[in-house]
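What follows is a pair of complexes built around chain A, which joins chain B in one and chain C in the other.
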Partner chain A sequence: MSGTELFVAVIKIAIVLGFLLNMAAITTWADRRQSAMIQDRVGPNRAVIYLPAWLVRAVVLGGGVLVAAAIAVPFWAKHPGLESARITTGIEIAILVVWTTLLLISARVRKDSDGVAPYRDGADSAFEERVAQLAPRTYFYAGLIAQLAALFFAQLAPAGFIVRGSSFGPGVAGSLAALAILLAAGYSAGRVGEDPVPLRLAGMLHALADAVKLIWKEDLRPRGADRLLFALAPMLAMFPALVTMAVVPFGSTLCFIDFDRDKVLSFADLAHLAPVVGPSGACSAGQLAVSLSIANLDVGLLYVFAIAGTGVIGAAIAGWASNNKWALLGGLRATSQMVSYEVALGLSIVGMFMVAGTVNLQKLVDWQGQNAWGIFVQPLAFVLFLVALVAETKRVPFDQPEGESEIIAGYFLEYSGMKFGMFYTGEYIEFVFSSVLLVTLFFGGYHLPFLDPDGLRITLGSDLIYELKLTHLAVSAIHIATFFGKTILMVWLQLFIRWTLPRFRYDQLMRLGWTRLLPLALLNIVLTGAAVLALESAGEPLGNAVAIAADISQSLVALAALGGSVLFVTGLLEPSRTKRITASSAAQMALAEGGIRAGKMQA
Partner chain B sequence: MEPLDVELEDGELELPNDPMQVLMGPAHPAMHGTIRIALELSGETIRKADVQIGYLHRGFEKMCERGTWTQCFPYVDRLNYASPLLNNVGFALAVEKMLSVTVPERCQHYRVALGELARICDHLVCLGAMAMELGAFTPFLYYVKARELIWDVFEEETGARVTHSFGRVGGMALPPTPFFKEMVRSAVPAVLALVDDGEKLLLKNRIFLDRIENVGVMGKDMALALGWTGVVLRATGVPYDVRKSHPYMTYDRYEFEVPVGTRGDCYDRFMCRAEEMRQSARIIEQALDMMADDGPVSIEDPRIVLPAKDEVYSTIEGTIQHFKIVMEGIQVPAGECYSYTEAGNGELGFYIVSDGSGTPYRVRIRPPCFASTQGLERMIVGAMLPDVVPTFGSINMIGGECDH
Partner chain C sequence: MATDNMTWTKAASKTPVPTHTIARPSRTLGVQSYVPELLKGTALTMRHFFTNAKERLLGQKRDPVLDNFEGGITTIEYPEERRIYPERFRGLHRLTVRADDSPRCVACLCCSTACPAQCIHIEPAEYADGDERRGYERFPAAFVIDELRCVFCGFCVEACPCDAIRMDTGLHPVPYDSRDQFIYDKTQLLALTAPDGTRRTDNARHEPGDPTHPGLSRDHDAH
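Showing the complex of A and B:
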């Protein structure tokens, strides 16, 4: 392994670990914040870092300049044949930045219809007042229309208008985008509040502060506990959670030009990302491929199951070593539950292997990108896998091993300080990783519908409907963002499950695992096998029908994603209609004083 | 190679299979109200259970013998701290029975309205805690939010959110505020809407139903034998409600129904409580309609009710009257009586004895929880460890009144 490869591997490990640890902190925060949001009360939001205003301004402005430069400079490079697509991209970015900025200003400044604006600042200038005349939603709809319009008008532009081989058009478009970003950054920098500026990150610092607190807490060991095993258990619980992600690809394979022509990746090559790749995404001859998974193993998912299966050892040892009956009960429950559900977990995914013909996660993801997402190919397996996965991560409704109202805290009852913190972090990382696994196996990994490695291409069967070429860099960036975005969506879904459902009783859980999930998983294997055989023997016509069905599934996903995001943003921008009962004397007094302004620490 | 059928001595290679003894409580998350259950487990099945109470014993009855009758009100607040106003009214009624006085009708409606609000609070806490202990956190938050709406009303009326000490012998501490009806009429529908939201999350949920159906079953006869009253008794199918069977105050003039269960399991207790909240809302509505907007809330007897503050400061009669009641207490004629009302958990009885002085000679409370907690052991033996949680939650044991 060359030094460069080592460097790349370290970068990849840093990205994955950074993502997992940050997401663990964020999900801890979200779990704790959920209750505060529902109840409309103060959430955990005490941790704050005060920054001098000049520093905040410098960060905002400097960040803006950096991003602007990072966007503008590559646009001046020559990429023959991509002029139209690059002009479109530049204009799209510019439009996006403009309407988002206007929307944010309006949302920040605009008063509600009743004049009570609990979270609002009020206008600073005549410009802001004018911007605030329109509701945030108006900016959103207008921006959306502008983006779609730009997409189609750029396609309609006459071919002669774009000078082939010249970087002038894309350069101007890129500079336009950079200008918009610079303006937005400059405006934000000018709007930074009074010195010192409190940095709370919406309360997310609180979770980090908790971790710091845990490190300094006293580490108690109960009398009679096994000294070695007691200390070993938290490490055993956290370790598998951290290493399982190694085989998951978090972006499409990057192709670098072999700049120094030595067929080995060197630092010089790293600076030369291939401008475009073919529609299959495979690197052409003379290019060096860098896979975006830490280890692209052929055993892929088997590795995941093998390592994740050892997670139970930590729980079992913790339960045994604590010298506490409740902890022992928790350890026993954890062991039997995880062993039982491991079976269903493994069997439910077998159908997917049969269809895709591989257990390599990279290939599995690529198969989904070329055909259809796993959830459409194996809907039953998805449900089974989701249930078994929640059970594996020991979260509600399967949190018997730690069910706090029954066996107090289960196997980590006697742990305190950072040892407790390690169990906690390990659990949340497992939770994030379970979302990663769902995304990789059933939601197409980093793929977006119709986004091929060389650009956007909407097809139905063999008919081409729309095409927009994109550079390798743009597609790779979209892929990485997509992967992490999808993961966060899955985390969000699982958080909802946790906050909605009560927990099973222990025997009900076992019955569900062995008498429902297991037979259904076996049935799924049989059905899938029959379907695969039928497809192979049927030949061409059925194959075409399946291809069209796959494209329809992709369009469904695309439509659902678009509609979902529009609904989501519209919902976020809904004018707040708080109905307060103002009959009490305290409420009337507050109303006479000009309404209630939410405190800084309010959720 | 040794033969496989080698004779093993009995128990030589067997693991010890003594049942596991665990103490659930008093510092156990599900044992709210501080109670301890000594359990003997076989696996997770409960072989034996010994319910031990007394961890919240505060000598309430003895404390009452130290001060005046009026000074008992803060103590009775803390009996069932989920619905203090019901206890206040219950105690006031007991002393008024000894004095043979009846409060004005406006006050009776006021007491009923406040009491039924407190009952809704009580049931909200019970159902919310029960759901939360089964892991369903969101319904709990809905219920607590609903309780918050009622507590806002209480805060406005009594000045306190939890322990109001608002009852007085011969009336209430203060007349209703001018906003009272408006506030209650806007709060109660909002509360019921939140209750509906919470129920939608729970009762359409297979997991929740599996956890509470046929769990903690109690038969009708055994419930009566144990002296159960209130919701837990009605859930077994006995339609005994003090408000219907022995109406006190103005309860005979309201239209409301008494929900009863059929099986006496956790599900029935849950549903009875949920339905009682809706019936309480009906009662509140009627009480508000019947309650006059002005008129006295306290009886006009200077020996029982404190004079207005301006009279205390400006007239000698007022000063003396105030002094006598505060320093010597209300002179309750010698004798004894038992007075009982329907509190949040069942029949709350006060057996009081007076020796004719301003201080109670004896105050004996008949807490509904004491009887229901007796039945806990019968409900959980043979069940699994996790079943203790909904069963204990559904009988709503409140340590304050149980450990009297």
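Showing the complex of A and C:
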């Protein structure tokens, strides 16, 4: 292993660790915040840092300049043959920034005609008043139409209009996007509130404050506890959760040009990312491939199960070493539950291996990208896997290892300070990693429908409907963002399960695991085997039909994602219907006082 | 359900009581598989989440008492938002004062006698020799209310002949760490004010010499 490869590996480890630890803290926050929002409360929001207004302005403006530069500079590079697509991309970004900014201004400023938005800011200037003439929804629809129109007109542009081999057209388009971002950042900097500006990060600072508090709290050890095991258990609970992510690819393989022609990755090569790659995504001869997983193991998923399975040891040892019968009961519950569901978890995914023919996660993800997402190939396995996964991470409705009413807090009952914090962090990392697994196995990993390594290509069967070439850098960036975005979306969905469902009784949990999930997982294996055999023996026509079905599934995902986003934004911008009820004496009193107003947040 | 041996219940009437049998809820496969109910429940929590998230994002948070949005939840975010208490809300006690800022209380023990929770402790004391009030009225050397014991019935206020104790502070006892923090002594009770910040009452105390109330005297011979 060369020094450069070591450096790249360290960078990848830093990315994964940073993502997992930050997500653990953010998920702790989101868990509480989401429950609060369901009940119409702000949730944890009291941790605050007061910043001077000039600093906030500088950060907003500086961030805008950085983003603008990061977008504009690559557009001035020469990529022969991609001019048209790159001009389109630049203009699309510019249009997106413009309509989003106008929408946000209108949403903050506009007062509805019936006065249902009493808390809105009000216009600061004549410009804002003019912007607020139109409702936020109008900006959204206009923006959508503009984006589609830009896509369409770029296709109509005559071929001679675009100078091949010149970076002038794409550069101007990129600069246009950068200008839009700069204007938006400058405008936002001008709207920064009065000095000092409270920085709350939507309550996310609360998680930070909690961690600081945990570190400084007294670390108690109960009398009679096993000194060594008691200290070891939190580490054993946290470590497996952290290392399982090592085999998961979080982006497509990067191709670097062998700049110094020594066939080994060196620092000189790292600066030369290949401008474009072929439609298969494989690096061409002479290029150096860097896979975006820490270790691209062939045993892939087996490694994940092996390491994740040891996580239970931490819980078991914690329960044993605490010298507390409730903690011991919690540890036993955790152990038996995790051992039981490990079986169903492992068996439910076997069908996916049979179809894709590999346990290597990189290959599994690529197979899904080329064919169809796992959830369409193995719907039953997805449900079984999801249920087993929730049980495996010990979360509601399978949180029997913790039961306030039965065994107090479960296996970490006697832990305090940061040792408790480590259990909690480990649990949330496991939770985030469970979402990573779901995304990797069933939601196509970093793949987006119709996004090939060389650009956007919409096909149905063998018919090409639309094509937009993209650079390797752009596609890689989209892939990495897609992976982390999908993971966050999955975490968000899983949190809803927690806030909705009541918990099972312990015997119900065991019965579900052994008498329902396990037979269904076995049945899934049998059915999948039969289907695979049938497909192999049926030959060409059925194979083509399956390929078209796979493309249809991709189109369904794309349509659902697009339609869902449009519905989401329109729903968000639609004023909610209210009725004012002043029948009760309490309401009449409140009305006389001018309504209930939020006071200043205080600790 | 006929209980012949239960003699303390009323005898069953001769005519049969009209009854109807409630059908057992059918446990269909859909119910037992848990999946449709799971989706329904998740959809409900999601709807609340999105409605509330929308209100906050657009800066349209509703008044939790006045506005009810359809199918939504309105939660008062205590302590940032507080319900407006009615004017006659019985909150923490306070002791009212005379024009010279001494307590109006004459330590007659009416309030502590009336108190059903026995949470008021008063130590009456005589004024010093030569004080014009000596022998005519007493003053509380100690006036202690255990707000943890108080049942907020307001009997003490009604019993007081001098309008010396009131419960119009508009405060409720906040949770403290220990019991002794709920015990309010004379200085604390005197320091509490009405919601408008005043400590005196409109109901003036008439001292001897008041032209509107002739005949008031502290002279022993006058009684």
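Couple of notes before you dig in:
As a working rule, the second predicted complex is superposed on the first by the 566 of 603 C-alpha atoms of A that agree within 3 Å, B and C clash if a C-alpha of one lies under 4 Å from a C-alpha of the other, contacts with A are read in each partner's own complex, and residues count from 1 in each chain.
Simple rule for what comes next: a contact is a pair of C-beta atoms (placed from the backbone, for glycine too) under 8 Å apart; a residue touches a chain by one contact, two chains touch by 3 or more.
Values in this document were obtained by computation on a predicted structure and should not be read as measured data.
Once the two complexes are overlaid on the shared chain, A:G403 sits against chain B while remaining clear of chain C. When the two structures are aligned on the shared chain, A:M589 is found in touch with chain C, with no touch to chain B. Looking at the shared chain after the overlay, A:L501 reaches both chain B and chain C. In the superposed model, A:K363 makes contact with neither chain B nor chain C. Counting residues of chain A touched by each partner, chain B versus chain C, the larger count belongs to C.
The contact surfaces that chain B and chain C form on chain A in the two complexes overlap at residues 38-40, 499-501, 581, 585-586.
Contacts from chain C toward chain A in the complex involve residues 35, 38, 41-42, 44-46, 48-70, 72-77, 79-84, 86. Touching chain C in their complex are the following residues of chain A: 34, 37-42, 107-108, 116-121, 383, 496-497, 499-501, 571-573, 575-582, 585-587, 589-591, 593, 595-602.
Contact residues on chain B toward chain A in their complex (touch as defined above): 20, 22, 28-30, 44, 131-138, 141-142, 144-145, 149, 152-153, 155-156, 177, 179, 182-183, 186-187, 190, 201-202, 205, 207-208, 210-211, 384-389. On the chain A side of its complex with chain B, the touching residues are 35, 38-40, 325-326, 329, 396-397, 399-400, 403-408, 499-508, 581, 583-586.
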